[in-house]
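The block underneath contains the structure these notes are about, expressed in structure tokens.
The letters A, B, C and D name the chains in turn, as written, and every chain counts its residues from 1.
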Amino acid sequence: MKNTKNKIPGKISGLLRSRESSLLLVMILLVAVIQWRSGGMFLTGTVITQLTQNYAYTIVLSFGMLLVLLIGGIDIAIGATLALSGMSTSLLMASGVITNPFLAFLFSILVGMACGWIIGVTISKGKVIPIIATLGLQYIFRGLTYMVSGSNWVSSDKMLAGYKSFAQGSFLGINNLFWIVIIMFVAMLVFLKWTSFGRQIYEVGSNPEAAKISGIHIDRVKIAVYTINGAIAGLAGAMYTSMYATAQGNMANGAEMDVIAACVIGGVSLNGGQGSATGVFLGAATIAIISKSLSLVGIDAFWQQALKGGIIAVAVLINVIVQRNAARRALERREI
Amino acid sequence: MKKLIATLLALVMVLSLVACGGGKSGEPVYAIICKDASNPYMSRMVQGFKDACADIGVTALEKSPETTSAEDQIAIINDLVAQGVKGIAIAANDAAALKATIKAATDRGIAVVTLDSDTEGSQMFVNQAGVKEVAQVLVDSVYDMTGGEGEFAVLSASSTATNQNAWIAAMDTIIKGDSKYAKLTWVETVYGDDESQKSTDEMQNLMTKYPNLEVVCCPTTVGVLAAAQVVTNNPDCGIKIAGLGLPSEMKDYVGEGKACPYMYLWNPIDVGNCSAYMIKAILDGKVGEVGTSFTADNEKTYDISAGDPAEKQIIVGPPFQFTGENIDDWANVY
Amino acid sequence: MATKSGRTISSVREFSAKSLLIRWEFLLILIFAGVNIMNISLSPYYLDAYNLFTNINGFLTKALVALPMAYILLLGEIDLSVGGNVCLSATVLGVVYNASGNIWLGILAAIAVGTLCGALNGLILTKFSELAPMIVTLATNIIFRGLSERILGDGSTGGMQKIEWFTQLYYGRVGNMVPYLFIIFCVLALVFGLVMHKTVLGRQMFAIGENSKAAEYAGIKVQRIRMLVYTLAGLICGITAVFYCSWMGSVKSNACEGYELEAISMCVLGGISTAGGKGTFTGAFIAIFIVGLLRYGLNLINLSGQTIRIILGALLIAVVLYPTIRDAIKNRKKAIK
Amino acid sequence: MSNTVLELRGITKIFPGVKALNKVQFNLREGEIHALMGENGAGKSTFIKVIMGVHQAEEGEMYLNGEKVNFKSTRDAQKAGIAAIYQHVTAYPHLTAAENIFIGHLKMRFGIVQWKEMYEEADRLLSELNADFDSHALMGNLSVAQQQMVEIAKALSLNARIIIMDEPTAALTKRESEELYRIALKLRDEGVAIIFISHRFEDMYALASRVTVFRDAQYIGTYNVDEITNADLIKAMVGREINDLFPKPQVELGEELLRVENLCRTGYFKDVSFSVRKGEILGLTGLVGARRTEVVQTIYGVEKLKSGKIFWEGKEVKVRNPSEAMKMGIGLLPENRQIEGLILDWGIGRNITLTELNSYVRGLFLDEKKENETSKELAERVDTKAVSVFDKASSLSGGNQQKVVVAKALGSDFKLLILDEPTKGVDVGAKAAIYEIMGELALAGYGIIMISSEMPEILGMSDRIIVMCEGRVTGELSREEATQEKILALAMDKQTSTTEGGAES
């Protein structure tokens, strides 16, 4: 799917850029096939708005996961963080404490940020490996979500009208939630490419020892990244509850699997240092298209899980094969 | 040093948990197990069950699994048996899986009734409304809303929910059995698993796949709410919603010109209430053979009819219609 | 080759009670005792042997997959696909039984599928050894669960509880007290423990977990052992699926949710370090009963499922944080000195 | 022209178990290339890391342009205008060349990274070094030589007044080395002071005006390049005369054990052929980057072979993995003991028995009593200083750790032993013991291949010497005809395979 040129790659085809152009190609091809198979029902106004609305929160979560994967970590507690922040915000709305939608979004982000901070400290200062730390904290956050809500739902009639209408409303023809995705995407692009802290994330991920020697505080970067990821999960919690207008204990259960799939397809490497906001955006969009279009195209929804797992496996294997070829070619170039 | 930490850890665990230990008074305990812990319809049933237990003079105890899984319900039944509860009322997540565990409980003299959703091995099914009656009102509302002709679909709960499957099967036999409904085309049955996200996605898929769909019938309170919200958000889709819904949730979606012209349900509080009395009736040996009837302690008489898969069942009452007019005064009841 | 300096090296491991006390197992025994004391004091029903065994049976299916998980963690790796594997094997058992009407065929099919799935993990991980086991088993878990969802559609396969002897596999008890599953589990645990601590394969697994490069140079066939361990995990998942079907009688595609996370928590609580090479099997064995009985005790006092979930999560984090806290205290003490 | 830019006095650095630097001193003048030479393990790389702030010296001071300084990280050193180019380039493989150049001092305006400006200046710097790639290339795709040019460009972007190059020519071809000389001389003429660490006399003669020698973590002396003769320099580097330090017994050679014919492995080595006989000690030497370790790894089955034949006791064999090699009777004592040779957290007993676990099985299980006794006997045979077989390997000194690895090899009935840098990082006393053991093994009929970069060891212990340079065998010398100059000449220049060349004595 990707061509690494034999001659030293100059400006035209950096390894990263060619990965995203091929991903865009795959996505366009996919939409064409779906459009043909579903007899033209896919590319209609309503389906596109539903697509952008329903999957806005997974794309936003994927940006958070991108940061975590870039420093070589992982966070499987984002589903639980989303649930806790979304639920606590809805409860405060139901009990009349929060009366303005903007405040609701802010509170949800703050709750998510606190969860992210706890994860960051456990991993960096507590020296716990990320998979185990987020596994344990996922249990705790999910348990708290049920406990806080006394394990019953916040039904839509108890939610602020403005909060619910925000998710349905649109501006310049684009749904509000998708505006959040666009703003987040631009912010992530600028942050990762143009700010020094963004570059430090790449440095820590690409070569942690060199980064430590050159004076970067690895722990501080880790805590910051997991906190930002938590905040994003909090934001996604508000987006979720405002769109579905109910808050359930088991909401976003297993969302982390879709998000990891999106990042892996988007070319993010799991050992850190490699990945871009564009790649993740395209990866998440691909996952959304596949999930949305399955029933339209006649593949029954029961194939969806198996397909998603298959896509992650294929994307990971392609990454490895490409890296092996590049290493082999580098060896051959070395004249002895 | 390490031994100190170890003993400290053990001590803390013991103290903290003793502090919030449960009541062990000698009073008999009736337990209720719902499909999952956070379903609003179920919490109304529990409310009715607790009121009845208070009248009967027993302690009420609610224990429900987080997800609609039969596995967790089995574990809960085992715990309750171990605690020596006198009776269990359960809304089963599976028609067969609980059989052996319930038998282990009934062998120990514990009365086991099912409510809302039946399963094998239950001594009595407290049926909120007869399967045929529920199916009939659902088919009639679809017939009325489509004007007798057109496409309709069904958005149900989870694929293994016994009560929804029973109503859907009954609806099918009614439609096939009467030429009046011949012109109705049942396009598809989809499953929202009683999750608002999945129900919304399924509803949206139905709208896109069947452009001239006229009615979506949702025999589950979660489905009907999600469907009504989707229709309200796309007013020009021209789809009407029929089904079973809680008045409190549906009050701004039910009525003329709204997404759901009218809907049906029964009072879940009555169902919970009645199941407690049924446990008392079984324990007092009042319940006779199929065909006989008996009066429970709430001075209501019930006639026992043959149930499937439970041996006996009683009907709490006919489904109740909610329209734009009367929904408001029920909205704060349940 | 006589030694010139005549220095002698002792070859006897001097036994010190203190070294025994500071071992992790002693702490676990203490916690185990604490949990039992708490349960007894909380509800008089706890000591009823029949109910105790019923409840132990409840979590033994999860504990079965913890046995091979201990080996995988010992190698310094992780397998997130056990839940999906058991679910798929159980689905296959149900479908094959309903199609052929012969339960034996179903059982064989389930064990075969389980082992194959484990071997698939092993194959990918040995052929592409630079891949992280976490991501590969994450993907295969979704694939296994997806396949079982595809096979079952929206229904479920069932009817297995009609076969009397098959349900006795789970519900049957020796002398109407000790369930067969409990005995089988203890035998399997003994075998796993002895292999791990007393055999060549066990020692080699410790070596790979501690330093796989040194193990390779010492002539240990690292990739072959990794393949063997993942396939063994698959086999155990197949066996667990048989017990699951005997217990539940029917299978839905959301069966065995969270088995892998539970198994990992049991092993990590048992002292098996996630970095590999450390830990004892007795620790994991005791930890299995600590988690199981703690959950049972908390249920007895009717704590909600969620609070139990929080307590187990907190326990896992506390156990993993323990070495860091201990070192921090040690360093601070050294600093003071 | 001659004022001192950088001065270090009395620098001591201690790592657990070994003193890496012992009161060393050094001074560097402006616009000067100052060579720093010494054998492997003499403390050169540690000294550079102390200057760059990676390590903090226990004792001693450092003066930059006369003022006392102390660097906590490479960032402090970079701010003070000192840049280093390491032998194994520690670059960021996933980032572009331009970003690697400006790491730590990205061009910012109002907090925004100025990419365009950075790419332009990076291209300017690279073209100045006439690099054949541009600044958009990914670091991971570049060859070692190109990565070094990026590191030099980075030093220039810091407009560093002092540049330290640690074995830069080790992995470079002749053409690339000359390119580096041109750049170094150009920098010197612009007033930049350069510390050039190398093994190669060739580099020193081409570039340096002064040379300082370190040996065994100590400062030996500083000399003007044109005043010191080659032999004196070698004596300064090596220190001891070749005398009876090496108890090499005369062993009458048995029949051929191992013969390899034009082994090749892409990117590492090509057409490597040699043979070893029973009782013979074959020395395999060359400079860093000669790929000797990779050759024995292929023979031992750790790495795959591209082409070529291996004959064991006359028969052609395929070695797919280490356990096959061990079954045949080939044992390898790997180069870095701590990672490949030992499990540091385990007791020495368990380390020793790891390779032959099957011989300790009684019934189904391991017989720990037998294991402990055998490992005790083996450990005592090589005179390891340890209290009990349960002492952790990590608690032993370098020499004793090597003895444990040898004891491990003695546990199996090997016929050929390959020792890769057996005395690296080992104190002088333990070295003698290891040579003694090698002598005894040869007497007992073992074939031995010894890889070493220490001249005296190679000359002292080998019956025959194979010299390699950059993946090629450049010569074979018998014990009698071998001298240090011949070895160095063969080790330095790939083209002049057998003839005399390079540095005149």
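Here, a residue touches a chain if its C-beta (ideal position, glycine included) is under 8 Å from a C-beta of that chain, and two chains touch if they have at least 3 such contacts.
Just so you know, these numbers come straight off a predicted model, no measurement behind them.
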>> Under the document's definition of touching, what chains do chain B and chain C have as common neighbours?
In response: A
> What is the graph distance from chain B to chain D, where chains are linked when they touch?
Replying inline: 2
> Using each chain's Cα centroid, which is most distant from the centroid of chain D?
Replying inline: B
> Which pair, A-C or C-D, has more C-beta contacts?
Replying inline: A-C
> In whole angstrom, how far does the Cα centroid of chain A sit from the Cα centroid of chain C?
Replying inline: 31
> Distance from the CA centroid of chain A to that of chain D, rounded to the nearest Å?
Replying inline: 45
> Taking each chain's centre as its mean C-alpha position, how far apart are chain A and chain B in Å?
Replying inline: 36
> Do you know which chain B residues sit against two or more other chains?
Replying inline: 37, 66-67
> Hey, what residues on chain D touch two or more of the other chains?
Replying inline: none
> Considering chain A alone, which of its residues make contact with at least two other chains?
Replying inline: 146, 151, 249
> Between which chains does touch occur?
Replying inline: A-B, A-C, A-D, B-C, C-D
> In the complex formed with chain C, which residues of chain D make contact?
Replying inline: 300, 302, 321-323, 325-326, 332, 334, 339-346, 349-350, 354-355, 357-358, 361, 364-366, 372-373, 375-376, 379-381, 383-390, 408, 440, 444
> Which of the residues in chain B come into contact with chain C in the complex?
Replying inline: 2-3, 5-7, 9-11, 13-14, 17-18, 20-22, 24, 37, 61, 63, 65-67, 69-72, 74-76, 78-79, 81-84, 94, 96-97, 99-100, 104, 159-160, 191
> What part of chain C is in contact with chain B in the complex they form?
Replying inline: 21-22, 26-27, 30-31, 33-35, 37-38, 41-46, 48, 51, 54-55, 58, 153-156, 158-159, 161, 167, 171, 247-250, 252, 254-255, 257, 296-306, 309, 326
>> Under the stated contact criterion, what part of chain A meets chain C in this complex?
In response: 74, 122, 125-129, 131-133, 135-140, 142-147, 151, 249, 257, 260-261, 264, 270-271, 300, 302-310, 312-313, 316-317, 320, 323
>> Which stretch or stretches of chain D touch chain A in the complex?
In response: 54, 72-76, 90-96, 99, 103-104, 106, 108, 111-113, 115, 132-134, 136-138, 140-143, 146, 173, 266-270, 470-472
